[in-house]
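Input: structures, listed below.
What follows is subunit A paired twice: with subunit B in the first complex and subunit C in the second.
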Partner chain A sequence: MALEVEGLKVHYRTVKGDVRALDGVSFSLEDGEIVGLAGESGCGKTTLGKSLIRLDGRMRHMGGTAVLDGTELPIGDDRAMNAHRWKEVSIIPQYSMSALNPTRKIGKMTAELLRSRGKSYRELKDELVRRLELVGLSEKVLDNYPIELSGGMKQRVVMVLSTLLDPSLLIADEVTSALDVTNQKAVAETLVRFRDMGFVKSMIVVTHDLSLVYQIADTIMVMYAGQIVEKASAETIIKSPKHPYTKALIGALPEVGLEYGDERLKSIPGKPPHLLNPPTGCRFRDRCPLASEECETEPPKVAVEAGHEVSCWKAVD
Partner chain B sequence: MLELRNVWKSYRVGALGSKRLTAVRDVSIDIAPGEVLSVVGESGSGKTTIGKMVLQLTSVTRGSILLDGADVTARGHAQRKAYYRKVQGVFQDPFSSYNPIFKADRIFETVRESYFPEVKRAAWNARVEEVLQGVRLDPGSVLNKYPHQLSGGQLQRMLIARALLLDIQVLVADEIISMLDASTRIDVLNLLGELKERGLGVLFITHDLSLANYISERVVIMRHGAVVETGLTGKVFTDPQHPYSRNLLASVPQLHRKWSDSETEPEELEPDGDREVPPPPLTEVTEHHWVAARS
Partner chain C sequence: MGRYFRRKLLIYGLTFIIAVSINFAVPRLMPGDPVARMLTRNSVANLESSEAMRGYFNDLFGLDVPLWKQYLNYWAALFQGDLGVSVFAFPAPVSSVVADALPYTLALLLPSILLSWVVGNALGAMAARNKLLDNGALPIGYVLTAVPYMWLAILLAWVGGILLGWFPVAGGYSFALTPAFTWTFIADLFHHWFLPFLSLFVVALGGWAIGMRNLVIYELESDYSNYLQALGAPNRLVRRYAFRNAVLPQITGLALQLGVVVGGALVTEVVFAYPGLGSLLLNAINNQDFFLLQGILLFIVIGVLVFNFLADVVYVLVDPRTRLGLEGGQS
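Right, the complex of A and B next:
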């Protein structure tokens, strides 16, 4: 078991009160597993990714634990987390194209980064060059400024840097959303290759694009309003989803081959609840076509079959 | 209705404009009323430049753009204003399309100020509510709100409503749903379908082939500023002739097919060459399906 998260709660402090971005999230990750985390904007998926590596100033750890390889991560303590960052937990941030220092050449920036972690650039340089070549970049990029590289190249540089110290857990936050389809595929396949080559042990891929995450993930978790509503293998989530939200999300995806006219795609009516004061019971209730009285109480977490968990009253029978 | 004839566009780039970058090369396309035409391509293929030229946000280097047979290049403010009565655009990021200081419905007020100053307020408000209902928005829930209080899908539909206040013929939609959530993007997409049924011509610029396939009858695939393949959507997507189109289609993530299942490797493509020379000519392979010649 690489990662075990139990009852994680993270709130955002605002003047109006606490926004409960993560409200009791529990899941686990096997060694070598790629988990896709999907959901709409504002469902807490980025917060979940971030909370495992660095809570920013507005975020408060309100409870719950994260255990990585047997040691508990001090996620509430910014300074204590420093020892774990990059070496054990690493992240490819959402806007990684702007994550590079524009005033430094890539090589110099890397050296400074490594020095701050007490590592020697000279010792690691061969490995760095080897990995850059693996993603199709030449050693020459180390002498380039970020502005001289294209978006796809910068993305690949950041991917190599994030995984240079062989972290146990990698969080890839919307790494493909700013790229076009050809680059998207290359980047997504590189993530899988990094796992296969052992650069990272397990991975959480945060994305709003279900069809992309289906291509690379072993398991998919669907989040809604700060909670995980369904978790199953990628195949199961797409082929036989149980939660009405997952079904609606898949029903809203245009596929090549479908045309306007013959079969109109349907959107999900309404919008997610505000997490300042989340509703009791099932949070999808207001938008759910199946909602009934029992949905006013907290839905149970049902194991439909091994590895397939759904939080929904309608999955009970 | 709207026609681009052999349009070229070069930008001056580098220090003091020392270099030239040719972004669009010899592109000829046309849009009929009641039609959605998709322009698809990777970043840097010139698809956004085409939209900008149609909206006269940037000049045309060579060639011409015609609306109902007349050159659209405006001379002076009055002509430009008259043109924008007929052609409007909506862009990718709904949040930066609005001024965050003002309420979002100010976009309707500015239309009244510049185009319909004679319309009485009550009559105008009725008209605004009518177009809002036309884009499936509840006027009560979007009027009198600030941009941050509305969702991306609502903001994007309000921008479309604003364009509809002006009895337009052509709407340029540049990546209008790529920033929206899966659950709301379909609303905006279906709205484009309804607009087309009402007789509007839509230039739909996107990098997402599945969206292009869903909404448009005809598609133009661009690479390095030139058209590589064009024709009826059904023909281009079921039988792509150009290796670039095939690569593009193979990389679209889909739910019924995994990348790892397909045996085919991406095909070798010609590198970006001299962009000043005319691109390879298009030849008609079957009826309503053209593809660029390869050397």
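Right, the complex of A and C next:
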């Protein structure tokens, strides 16, 4: 078991009170597993990704644990967490295009960063070059400033840099959002290749693009309003989802090759609840076509079959 | 890059020609007649001798030829380093009057601007994301920057010169001494230099510090800082990068400040009766001294152009983005 997250709670401190972006999230990750984390904007998926590596200034760790390879990650302790960053947990951020210092050559920045973490640039340089070539970049980019590279090239540099120290867990946060479709495919395939070549052991791919994550993920977790509502293999999530929210989400996807004619794609009515004061019981019930009285109490986590968990009353029977 | 500098030089050259032309025109457009003024000063009663003197002065200052010829003569003289004769310090040539005042101004302004820039930037960078400094030291900076400079300078002169009696309140050196290259004279120069220097330093300091603090905070919030921190880079490295990027706009600010350095700090020099270009400029205006005024303005123009050009060079050296833009790097 590579990663074991138990009851993780992360809140945003605001003037009006705590926004419960992560409200008791539990899941586990096998070695070599790629998990896709899907959900609409504001459901807490980026918060989950970030909280495993670095909480930003407004986030507070309110409870729960994350155990990686047998050691507990000190999520709330920014300083203690430093030892784990990059070496054990790493991230490809949402903002790869602007993640590199604009006034340093990429090679020099890498060298300074490595030295600050007690690693030798000289020893790692061959490996770095090998991996850059693997993603189709030449050694020359090390002598370039970030502005000399295209967006896609910067993205690939960041991918190589983030995984250079062979972290056990990689968080890929919306890595394909800013790219065009051909680049999206290439990036997705590169992520899988990194896993296959052992650069990273396991991976959490945060995305709102279900069709993309379906192609690369072994497992998909669907989040809604700060909680994980369904987790199953990618195949199962797409082909036979159990949670009404997952069903609605997949219903909203266009399918290639189908003629829609006058028919419009279904969207999910309503908005997700505000996480300042989340409703009790099932958080999806206001938008759920199946909602009934029992939904006013917290739904149980039901294992429909091995590896397929749903938090819904309707899945009980 | 060569093309860039050639183009810049061309622009600076054009600016220079236009500035010199305006410089030529402005004093002549001012009301008043300097020759008449000199005549009154010499209080010549006899009409005949007055006419003779007017003719002499007009000839001396080159005012007896048509305007276009004056303009050409002006350019010709300029290239020979001849800036004409000062009316106010007659018969000293303008170039020597300016050359006497210039060292005082440079010695006062260069150190105060450079030091306040260095110290202000360091202070501001330290204060960013540091509660103690941010709430303690910076408010003083706000106050100092907001205070009217005149008031602060007078206050300093009063406290340092009158109340404590540590420093003289006026002049560039004691009138008891004659300028000479001796330790006593140099110490005396320094003694007189300190208060005006301090007033300029203190006032500029707060502005630089506040600007730098905001710039560093902005850089610390930027994506590359976040990425470095996510990869566990120590604070030292993150702050160093943030500082280096935040200092770029400050360099532009410094160049602009240095550009006007030659103009002198008029108010400072007046308050402390310091014999720099600022006081000279005021005297030249008060005495309708065309040639002195032209000479001083010429120095100011050259100063602005030279320092702006230097800033262009430095900027190209420190920011790869401008450099690559010039070379047409692929992006």
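As a working rule, the second predicted complex is superposed on the first by the 312 of 317 C-alpha atoms of A that agree within 3 Å, B and C clash if a C-alpha of one lies under 4 Å from a C-alpha of the other, contacts with A are read in each partner's own complex, and residues count from 1 in each chain.
Following the convention adopted for this analysis, contacts are C-beta pairs under 8 Å (C-beta built on N, C-alpha and C of every residue); 3 or more make two chains touch, one makes a residue touch a chain.
All of these numbers come straight from a predicted model, not from anything done at the bench.
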{"item": "Superposition on subunit A - do subunit B and subunit C clash or fit", "value": "fit"}
{"item": "Partner chain in contact with A:V181 - subunit B first, subunit C second, else both or neither", "value": "first"}
{"item": "Touching partner for A:D209 - first (subunit B), second (subunit C), both, neither", "value": "first"}
{"item": "Subunit B versus subunit C as contact partner of A:R85, first or second or both or neither", "value": "second"}
{"item": "Which superposed partner A:Y121 touches (first subunit B, second subunit C, both, neither)", "value": "neither"}
{"item": "Touching partner for A:P254 - first (subunit B), second (subunit C), both, neither", "value": "first"}
{"item": "Superposed model, angle subtended at subunit A by subunit C and subunit B (C-alpha, nearest 10 degrees)", "value": "70"}
{"item": "First (subunit B), second (subunit C), both or neither touched by A:Y145", "value": "second"}
{"item": "Overlay on shared chain A, then closest C-alpha pair between subunit B and subunit C (Å)", "value": "5"}
{"item": "Footprint overlap on subunit A, comparing subunit B with subunit C", "value": "none"}
{"item": "Subunit B-touching residues of subunit A, taken from the complex the two chains share", "value": "40-41, 151, 179-185, 188-189, 208-212, 214-215, 238, 248-250, 252-261, 264-268, 271"}
{"item": "Touching residues on subunit B, where the partner in the complex is subunit A", "value": "42-43, 151-152, 181-187, 189-190, 193, 207-211, 213-215, 233-234, 237, 247-249, 251-256, 258-260"}
{"item": "Contact footprint of subunit C on subunit A as seen in their complex", "value": "53-54, 56, 81-87, 90-91, 93, 95, 98-105, 112-113, 116-117, 145, 147-150, 158, 161-162"}
{"item": "Contacting residues of subunit C [partner subunit A, same complex]", "value": "222-224, 226-234, 236-237, 241, 244-245, 248, 318-321, 324, 329-331"}
